[in-house]
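I have a structure here, written as structure tokens, and I will follow up with some questions on it.
When the chains are written out, they are named A, B, C and D in that same order, and each has its own residue count from 1.
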Amino acid sequence: MFDLHEHGLKGLRLMAKIREFEQRLPALSQEGLIRGSTHPSVGMEAVAVGVSMNLEARDAIASNHRGHAHTLAKGADFGRTMAEILGRRDGYCGGKGGSMHIGVAELGVLGTNGIVGAGIGIATGAALAAQVSGDGSVAVAYFGDGGANQGVLAEALNLAAIWSLPVLFVLENNHYAQSAAIEQMVAQPDFTRRGEAYGVPAIAVDGMDLPAVYDAAETAVARARAGEGPSMIVADTYRYLGHMAGDTEIYRSKDEVREWHTRDPLTRLRTRLEESGILAAGEWERTQEQITAEIDEAERYARASALPDPASAHTDVYATQGWAGR
Amino acid sequence: MFDLHEHGLKGLRLMAKIREFEQRLPALSQEGLIRGSTHPSVGMEAVAVGVSMNLEARDAIASNHRGHAHTLAKGADFGRTMAEILGRRDGYCGGKGGSMHIGVAELGVLGTNGIVGAGIGIATGAALAAQVSGDGSVAVAYFGDGGANQGVLAEALNLAAIWSLPVLFVLENNHYAQSAAIEQMVAQPDFTRRGEAYGVPAIAVDGMDLPAVYDAAETAVARARAGEGPSMIVADTYRYLGHMAGDTEIYRSKDEVREWHTRDPLTRLRTRLEESGILAAGEWERTQEQITAEIDEAERYARASALPDPASAHTDVYATQGWAGR
Amino acid sequence: MTEKTPKNLTTWRALNSALHDILADIPEAFVLGEDITTWGTGGGIYGVTRKLVDVYGPGRVRDTPISEEVLLAAVGAAAARGTRPILEIMYSDFSLLGFDGIINQAAKARYMFGGQFDVPLVIRTNGGSGIGKAAQHSQSLETIFAHVPGLEVAVPATPGDAYGLLVQAVRTDNPTIFLEHKNLYYDKGEVDFQPVAFGQARIARPGTDVTVVATQQVLHAALAAADQLAEEGIEAEIIDPRTLYPFDMETVIGSIRKTRHLIVGHEAVRDYGWGAEFVAQVAEEAWDLLDAAPRRIGGARTPIPYSEPLERTVTPGRDEMIAAVRAVRGATMAEAGTPA
Amino acid sequence: MTEKTPKNLTTWRALNSALHDILADIPEAFVLGEDITTWGTGGGIYGVTRKLVDVYGPGRVRDTPISEEVLLAAVGAAAARGTRPILEIMYSDFSLLGFDGIINQAAKARYMFGGQFDVPLVIRTNGGSGIGKAAQHSQSLETIFAHVPGLEVAVPATPGDAYGLLVQAVRTDNPTIFLEHKNLYYDKGEVDFQPVAFGQARIARPGTDVTVVATQQVLHAALAAADQLAEEGIEAEIIDPRTLYPFDMETVIGSIRKTRHLIVGHEAVRDYGWGAEFVAQVAEEAWDLLDAAPRRIGGARTPIPYSEPLERTVTPGRDEMIAAVRAVRGATMAEAGTPA
């Protein structure tokens, strides 16, 4: 159970830090420092944070194109993550990956992913490895309402269910898949039905509410860790920014965006913390300043990091070692 | 509604003819006349026949590896179908296809298929064409309990639902996928849940009962024809023979097979017809003799057909014509 | 199609024009894909489907869910049932999700069923690198498609060819993989609004000293290289095959007859890439025509990396082309005793 | 691995032995696939997984649903998380359902993430024609896999190599496509139970007059052809590359240095098939070593038809090999004024 005293401030701080990080990306794109596509998840922080607060370093996550929050919430360094997004030498992948391919082996981050839905199969595989090796880890797949229309979800739900794999299927329903409104893309809007159709217990949660996500994830992680199998969490959420830099957003109204801001997960949690006296008046402003400074530092680090040596383009394709023996 | 007087004898006759045809395949395999794999569906005849009695020539079907019954029930000539299974010149595909690739363009048979699950996407495409062209046809996908675990089913159900495509998803649950018992391959045995999870109305029927299948298909076809969208029919059925020639059947007991024989769709319908006086005593035996003679003739035709000219191996890869103009 | 006066257009506009003309002319044609009516100013990720829905309505211009597998399976069947689907796959990398539909089904349907079905299907998508889209949005998969019996493969390099090949692709009764290049959408060029027949290479630049076969970005690199090489006294003849299947070896061999030297360049991975087929065919059929060993340039054996200096390193450009030409010509001149 | 005395085994038995030894030796290894414990006498469609479950239990030997897409996606990740999955895909044609997992994910994971992950994955499957399995169960897809950076590709032709390459594939830290041939499962041969290094071709028959590079069924056709050719006074040197990536051009070029003639043969479709790469590399790097144009034989540009006379027509056999060798040698002899 989410405990406001134990988890409140920690969760709020992490959400705010991720938001501060993500909010800078459009300007960095504008400045020409980010190539290709980068997808910020401002507004959706409660999902990644609520889930990750229940995870350990040994656990695995497989993310999607909108994956910075998942990665950072899992413990990734903000500077190295930013450096990767900027294609720099000190990025987690030495600039080879970029925003859509950030992996952090030691944190079990099996990558943000450029293929919508792919993380679903990858998390299932991580959970399979956990079961085969008995290492006690669990795995999380993050995907969107759009990704839920990939057939691999059905296959993964079924496989995880029959084998009782320790995996969480976390669907972030932010109501749009790029520019496609989800009401036009599904006929049955209750995504929990999908999990249940394959024998995976599924729960719908308010994805703009950290405690709600936390509690659902806690139950699901415990279930997985105990060998009782997979769960699905359907989080209702929203992205405040465009799908990616340059999005004209012709597919939604400004009013709708404004409306969702009134459910903002940071504001809501902060209000609760202030109302319950955990956060003193004025205290959050100071924390926010600190966070801004931390992200300033991360950005400085990333900007200062050199571009990779062109010769490194040819390394890391194949391993040269093999099985080390038992 | 299935009318015993109107549909009973016709349905029984077609089922019996298909069975007579299919039962000969193991011996023909044995004799070395059938290469590769061929999958008889003895025991499952009520599904193909019950569905097809509601279809017209302009309607499309997309079948699977166990597809002779679907093809024949749609109106294919028994001799030419047999000739294709034997790889002969007079087969529907001139011997290029074989058992797993029998197509009959003028009957809308879009092929038996070697890829488990593939017919699902194909029928969806045929339904899409029907909707785009407004030709009023409907499409049927036949697939098994094993095929239902292919992700394409989820995608197809969703697509058909949001676009109200005129398509029937007919799941033949014969309890095994090759040698895999379905209880081990799904955690939620009620397949109708899958359809419903995507907004496709689904009904479970006794697949060993022609009238039951007929009625479900009639409703679904009417719905599709009226532009009201897709339906799913889950038919509980069983195959009496092995998955294919050479199947050792170590995965099921003889008792189980015997048990299912007591539900035989032909026997049941024949009994009903006899009890209701539609079929006089001794009449069926004569009909059966006739059917045997018809299949004798089909087999003779197929055996007499020459092997294809080797040069024909190089034709039919590409069309040489193009759009004919409006 | 009404006669239209030639225009200078970007590639995406040329393609958009083609789609408008196709939907106007061919009642069986329809267009579908992800975000094709709701993105940008209402026209898909690179604008190619712009305003189609306004004119032809949501029945013939369809936004789809993210379900590449069923889409790629369905369109082949829709084609076999008499329509002419034009499916946009946002990036060619995503087509890998539906390879069963393309390779096991659409490509084989005509043959397996003994010629009973035509499959007039077009899969429009984009490949290639150059704009930092990284490993899963930048592959050049044309060789794979060209290897599959039953498929035709178009790889337009100019706005004019983009228009002409697309119109042609929809008219033919075979499934076509229509591979646009993501870094050429904003290139401008003359569009004459005429169909372009498949299997007819275009001589993009006539020359006498070396034959260069290249497509898309590498074709443009070759054209840039040719200017520099001309200053060095080497006149390259540059050939754009335009389609990889069917392919036009006659034009290539005709050129070699004159130039007696061959280079093939592409962005696809060099190992087992389509350049090998061109070199192998020339080696088999025109062995005596070459005065020096042929040479290929192509993508490195790596996925496409994100960071710019890395991306540039793994794909061939103007400099690699110049070096290749010098090496091939140098070999001959050295042999002939001429200083290279 | 305990030393074992060589034995004469069928290919499927050799593979089965390899799997037993692998599961015994490598605790991280596990096996999964459709019908791998419940078919036949308890061992998958061609018996290769026979009795594994009896010894190693259902945790390490897993029957899966028919869900190729998630399986192919999952095993790459399972490999990246420290296990060594060995996935059986019943026929290689079905792998097309999971090309995203193979090509976009497993093949690229190591590179995209800057070398942080090893992906010690083996995908066992079978390709090829010859037994009437028709268009969707008979493809030879090895060229496609060999074209993809990050993948290794093994194509064993003998029981001994099948054993040795499989053991090696599981030990290496790269994703391997392990392509068995469905028509060679019952062939017998000596198995010495030793690993076989990737990237080392095997000289299957030494010779002096022409180098023939071939794999699997076509290799056996070449060996049969060689007997006939020897009677005609032509000694073919027959090389089995055994792996298409990494590949061993050194052995090929070393052979050509001696024979001065090259033929490449495979069952994969000839157009854009892997033979082109071998011919192209020889043309580029060893132009002067050849006395005549090289030649390829390969699958026709058709899907594989069902009926026997048709199937035989579209894939190359002994006779095509003999004709190719005669043509290549004949060209030289004609040039040298010797009657062919």
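The rule is short, and it goes like this: contacts are C-beta pairs under 8 Å (C-beta built on N, C-alpha and C of every residue); 3 or more make two chains touch, one makes a residue touch a chain.
None of the values given here were measured: they were computed from a predicted structure.
Using the mean of the Cα atoms as each chain's centre, the chain most removed from chain B is A. Of the two interfaces, B-D and A-D, the higher number of touching C-beta pairs belongs to A-D. If each chain is reduced to the centroid of its CA atoms, chain C and chain D end up 30 Å from each other. Chain B and chain D have CA centres that are 36 Å apart. If you average the Cα atoms of chain B and of chain C, the two centres end up 40 Å apart. In chain D, the residues that touch at least two other chains are 65, 67, 69-70, 93, 97, 100, 104, 111-112, 134-136, 149-150, 300-303, 305.
Along chain B, residues 93, 95-97, 101, 113-115, 149-152, 155, 158, 162, 184-186, 317 each make contact with two or more other chains.
If you check the complex, the residues on chain C that touch chain A are 34-35, 38-42, 63, 65-70, 93-94, 97, 131-137, 300-303, 305-314. Of all the residues in chain B, the ones that touch chain D in their complex are 35-37, 87-88, 93, 95-101, 113-117, 146-147, 149-151, 177-181, 184-186, 248, 250-251, 307-314, 317. The residues of chain B lying in touch with chain A in their complex are 149-155, 158, 161-162, 184-188, 193-194, 196-200.
Interface residues of chain C facing chain B in the complex, by the touch rule stated above, are 25-28, 30, 59-60, 62, 64-65, 67, 69-85, 100-101, 104-105, 109-120, 149-150, 152, 170-174. Residues 69, 93, 96-97, 99-100, 103-104, 107-108, 111-112, 134-136, 143-144, 146-150, 244-245, 268-269, 271-277, 279-285, 287-288, 292-296, 300-303, 305 of chain C are the ones touching chain D in the complex.
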